[in-house]
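The structures considered in this document are given below.
Next come two complexes, and both contain chain A; in the first it sits with chain B, in the second with chain C.
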Partner chain A sequence: MSTVAASIKYNDKVVDFPLANQEENAIADEVLHENLARPTTERTKRLKARCRWKHAAAGEFVDAEVRAGIERMRFITEAHKASAGQPEVIRRALGLANILNKSTLVLQQDEFIIGYHAEDPEMFPLYPELAYMAVQDYLMSDYSPQPKEEAAEINEYWKKYSMQAKGERYFTQEELLQMYQVSTMEAPGFATGYNSISPPYETVLQDGLLKRIEMAHEKIEHAKREMQKIPWDATTGLDWIAKIDVWKAMIIADEAVINWARRHARLAKIVAENFETNPARKEELLEIAEISHRVPAEPCKGLKDAFQAKWYTYLICHAIDRYASGYAQKEDEMLEPYYNISVKEKSFQPMTHTDVVEMVEMERLKISEHGAGKSRAYREIFPGSNDLFILTIGGTKPGYVDACSDMTDAILEGARNIRTTEPSIVFRWHPVGREKTKRLVFECIRDGLGYPSIKHDVIGTEQLKYYSQFSKNNNGATDDEAHYWGLVLCMSPGVCGRRKTHKTRSEGGGSIFPAKMMEIVLADGFDWSYSGMQLGPHTGDPTTFKTFEQLWEAFRSQYAYATSKVIRAKDIMRYYESKFLQMPFVSSIDDGCMELGIDSMELSEQPNGWHNPITTVVAANSLVAIKKLIYDEKKYTMAQLVTALRANWHGYEDMRQDFLNAPKWGNDDEYADTIIKKFYEDIIGGEMAKITNYSGGPVLPVGQAVGLYMEIGSRTGPTPDGRFGGDAGDDGGISPYMGTDKKGPTAVLKSVSKVQKNQKANLLNQRLSVPIMRSVHGFTIWKSYMDAWEKLNIDHVQFNCVSTAEMKAAQKEPEKHQDLIVRVSGFSARFVDIPTYGQNTIIARNEQAFGADDLEYLNTQL
Partner chain B sequence: MTTCKNCSFYFAVPENAGDFEAGKGDCVIEKEDAKGKYWLSKPTRNDSPSCKAFKTA
Partner chain C sequence: MSATSNGNMMHEEPGTKKPCQSCKWQIADPTNPLRGQCTVNRNAMGGVWKRWVTDVNRMTCGKHEVGKLSFREHV
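Let's turn to the complex of A and B:
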């Protein structure tokens, strides 16, 4: 039997909570999520049943068949050797062209959106030109590309040319070792190859690549004419050389992409005419062939074209030319014109709304099969998922007009029906957003998907306007363009569209870890619990700190040191990206790069300066406990604390209980919140804002934990908040530490809303009561919560809606709970694919119910 | 020696294709594993020596 929430007295009446769907009364709590999937068609049901997930758990692939392919690394190496002496940007284009021309194509049974990025559907590509350490890890694993000897030889070849070799030169060995510990600082991108991008999909859909090629040709002709002018002026004339090379590289790349897509068209036609026996599928394959011949070469004419062109673009930008995590796009607005053509006007590729939902489900399953050749550390920090894939919907158009559409609804319906862990969805919340769509958002959350996560539409839009003022070429996002944004990865907003999008993670992204910094502040910068090395500056023996302010300043020094170092690493990476890792295809589809003849790795028009502090709340709660127990009440000395911490609290349990019971973040506690608000605004945001990054703007915090709260927790010794060494960190950017938000959901909102300065991009994780959310009042209560959240000017919130009973049942019998999805932090994961350590952190989160006091504060009308 | 040209899995690249080269073709083979059926297409040349998958029409 399903649990029903207890009645409460509210507004002088008794409120009962019967389930909205009475049939669920017969479903036990332990198996609820196994009863919620409803694929829209038999085809998507089959596709899901055979989905080739590439989930990782503790860094290992869950499916034993998954492995690295060799084709990409073979073909890019072959091209690199053959193109020696040519301009670097041309070499990059030739590298992409060689991969696309020679790679094996994959077409799977039942699929309508086609295209894959490796030579077998169980494989994923590797990127030796980025980081040889990441490839070396694969060579030592069961997933090694074959033949292994060839792969090893390729990796050896790239060592001297790789981004890793180039970036490492500008750091001392000590600095590199500090970063490679991944305990106060994330390892630099040049050593991990981790990346993110928001491709300008819109030019592909609207123009088609043939037009982009024509534009590049015209630019080259114009440049040549300028160079031929008499009298010759070298001060401007020589600038055309690099531009001509960039435009030439665009042409090479785009022609290769067209040929590659048309090879897919040939494959579909060959299979239709030579292998397929089902007449209906044969006809469909011929339609697929027609689509892949048309797009991305030509503009999209209908919705099927748009889905396919978008997919090919995604594969190039995120997996073939270079690895990049994410699925950044404003999908509903991008596809809405094609939805209108195909569904409303029925003038091309006519279909029903239900057909669109099926397309959405098929796209989600394509993403679910997408494998990422990322390094071990990054496989470890996204447990239970393939990678980070996040698309954005909802929000507003210029003038704060509702941007929700029937396409938005189709995306949400498809997500709710098919139930896949990826891609995650972000919904931009604004009061003008239509209720019909918000109800679908609710249904996804209520069904436990963990997405959409919610971002504050006005805050995000205003942030883009703020960053625009720092544009290096005075061409940042206009006020209108600032409305067209999506999240680049879990949390950081970036412009979408034809121009000014985020092109590489060296601008925005990357992490630092305050919990570990807190630990080393109490050891003069030395990491006694994990690496055994000096991780930061000598900030003094803490037992000599006479005042809390001395401790505060010591932390500031550690934080400033780490922050500047990781941003420097990113900017050095960016320097080399613009010299040796150009992306001519991305450049060709960006209007700015096309106009200016500047590669996408060099051009920065709209700054994106976000950087990610993870485990801030462990550090913040620690500062609160120290201030209260050592400096205010003087119950303990700093020496006693240091001694207890070095013993991992063993033998000091009474003392640990005092520190554990000190005021904690998320309870609307004035003592704790005053210190923590200042911590966020003065240090976490304040120190970051002093840094200027490649794009010319300040760096601001975008705290979101992904699975790093587990990874870093395991590398962080005991902390003064009462936490044992090795326990997980806090699971958001501004979320209360698991289990410590004891005053209900509105107390959490009140605490979080106190942080307002230079920080409005912090992740808030909340776990809501399943019986209340599934009751007849679920939507009303949640909607009033969201309206309050919006008015409190909080940037983000995301929800788990899954019972402890079901998670514990899944721990006992994982094979029976394949459809149980949970929100980790910034991404959703299949619960049974998360290591037990991580599963327990989700179970430990407080399940927030709504009492009469909460409902009164939210002004809920029941 | 048998070559790709004589194999039923060999399909010559049409002359109007962007990647057309004389003698170039697609090797298209059907595969099946526990998760289903799929087809692979690899570029080849008509004079390439045949492989283990060689099959006459």
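Let's turn to the complex of A and C:
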């Protein structure tokens, strides 16, 4: 039997919570989610059943068959050797062309959207030109590319040319050791190869690559004419040399992409005409062939074209030319014109709304099969998923007009029906957003997917306007362009569209870990618990601190040190990316790069300076406890605290209880919240804003914890919030620590809303009551919660809606709970693919029910 | 907590027959594969309190146990 929420007295009446779907009364809590998957067609049911997930956990792939392919590393190496002496940007284009011209094509049964990034659907590519240590890790693992000797030789070849070799030159050995262990700061991109991008898909869909090639040819002709002018002027004339090379590289790259897509077309046609025995599938394969011959070479004419062109572009930008995490796009607005052509007008590729939902499900399954050859660190921090894949929907168009459409609804319906962990979705919440769409958002969350996460539409739009003022060429996002944004990964908004999109991770996402900094502040910057080395600057013996302010300033010094180093590493990487890791294909589809003849790694029009302090609340709660118990009440001395922490609280349990029971974030507690608000605004945001990054803008916090809250916790000793050494950190940029938010959901909102300055991109995780969410009042209560959240000017929230009973049942019998999905932090994961401890951290989060006081505050009308 | 005179604790021992590399509780460093992490220390909730292993071929300790850690035993 399903659990039904207890009745409550509210507004002078008794409110009952019968389930919205009475049939669920017969379904036990323990198996609810195994009853919620409803693929729209038999085809998507089959595709899901044979999906080759590439979930990783604890740095390992859950499916033992998954491994690295060798083709990409072989072909890019071959091209690099053959192109010695040519301009670097041309070499990059020739590298891409060699991969695309020679790679094995994959065409699978039942799929309509085709294309893969490795030679086998069980495989993923590697990137030796980025980080040789990351490839070395694969060579030493069970997932090594074969033949291993060839792979090792390739990796050895790239060592001296790699981004890693270039970046390392500008750091001392001590600095590298501090960064590489990922405990106070994330390792640099040049050591991991991790990246993110928002491809300018719109030009591919709207123009087609043949048009882009034509544009590049015109640019070259124009440049040549300029160079031929008499009298010659070297001060301007020599600028054309680099630009001509960039445009030439664009042409090489685009021609290769067209050729690659048309190879797929020929393959589909050959299979249809020679091997396929099912007439319906034969007809479909011929249609697939026709589509891949047309796109991405030509503009898309209908919705099927758009899905396919988008997929090819995605593969190039995120997996073949270079690895980049994410699935950044404003998908509903991008596809809406093609939806209208195919579904409403039925003038090309006619289909029904249900057909579109099936397309969405097929796209989701392509992403679910997509594997990333990312480094061990990143395989550790997204447990239970393939990678971070997030698309954006909803929000507003210029003038704050609702941007939701039937395409938005199809994306949500497909996600709800097929139940895959990826791609995740973010919904931009605005009061004008239509209720029909918000109800679908609710249904996805209620059904336990953990997505869409919600971002505040106005805050995001205004942030892009703010960043545009720092544009290096005075061409940042216009007010209208600022409305067309999507998340780059979990949390940071970036422009979508034809130009000014986020191209590389030099901006965005660099992580800094305050919990670990809190630990080393209490040891003069020394890391006694994990690495046994000096991890930060000497900030003094804490037992000599006479005032809380001295501790505060010591923390500030550690934070400023780590943050500056992380951003410096990003910018040094960006410097070398623009010279040795150019992206001619991405440049070719960006209007700014095409217009200016500047590679996408170099050009910066719209800054995006979000970086990632996480485990902030462990540090903040620790400061609160220290201030209260040591400096205000003087119940303990700092020396006693340091001694207890070195003993991991063993022998000091009463003392630990005092520190554990000190005021905690998320309870609308004035004492705690006053300190923590100042901590966020003065140090976390304030110190970051002093930095100027590659694009000339300030750095701002975007707390997006992902699985790092566990990983950093495991590298962090005991902390003064009462936490034991190794325990997880807090699971969001601004989420209360698990189990410590005891005053209900509205108290959490009130605490979070107090932080308003220089901050607004912090992840808030909330776990909601399943019986209430699935009741007849579920939508009304959740909607009133969301309306209050919006009015409180909070930037983000995401939800878990999964019962403890079901999670515990899945721990016992994982094979029976393959469809149980949970929200970890910034991404959703298959619960059974998460390590047991990670599962426990989700179970340990307080399940927020809604009492009469909450409903009154939310002004819920029942 | 890294190198110590106590032989039961993790320490450097050139030529050891029980290097961290072959130990069940050792997993690869997140960035540099020549270094590692020791995961033998566990908390009540199942959390792992890791230690950095500076050289997986030359470090050892009294808790050495040949094998490979399941992802379920990790964080």
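Simple rule for what comes next: the second predicted complex is superposed on the first by the 862 of 862 C-alpha atoms of A that agree within 3 Å, B and C clash if a C-alpha of one lies under 4 Å from a C-alpha of the other, contacts with A are read in each partner's own complex, and residues count from 1 in each chain.
Definition applied: a contact is a pair of C-beta atoms (placed from the backbone, for glycine too) under 8 Å apart; a residue touches a chain by one contact, two chains touch by 3 or more.
Note that the coordinates shown come from a computational prediction; the quantities given were computed from them, not determined experimentally.
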Partner chain(s) touched by A:Gln108 [first = chain B, second = chain C, both, neither]: first
Touched partner set for A:Asn259, first chain B, second chain C, both or neither: first
First (chain B), second (chain C), both or neither touched by A:Gly536: neither
Chain B versus chain C as contact partner of A:Pro514, first or second or both or neither: neither
Which of chain B and chain C A:Arg52 touches, first, second, both or neither: first
Partner contacting more residues of chain A (chain B vs chain C): C
List of chain B residues in touch with chain A within their complex: 11, 13-14, 17-19, 26, 28, 30, 33, 35-43
Interfacial residue positions of chain A with respect to chain C in the complex: 57-60, 62, 133, 136-137, 140-141, 180-182, 187, 191-192, 375-377, 380, 528-532, 648, 710-711, 713-715, 717, 724-728, 835-838, 840-841, 844
Chain B partner contacts - residues on chain A that touch it in the complex: 50-52, 65, 101-102, 104-110, 119-122, 255, 258-259, 262-263, 266-267, 270-271, 274-275
Chain C residues within the chain A interface of the complex: 1-3, 27-33, 35, 39, 41-52, 54, 69, 71-75
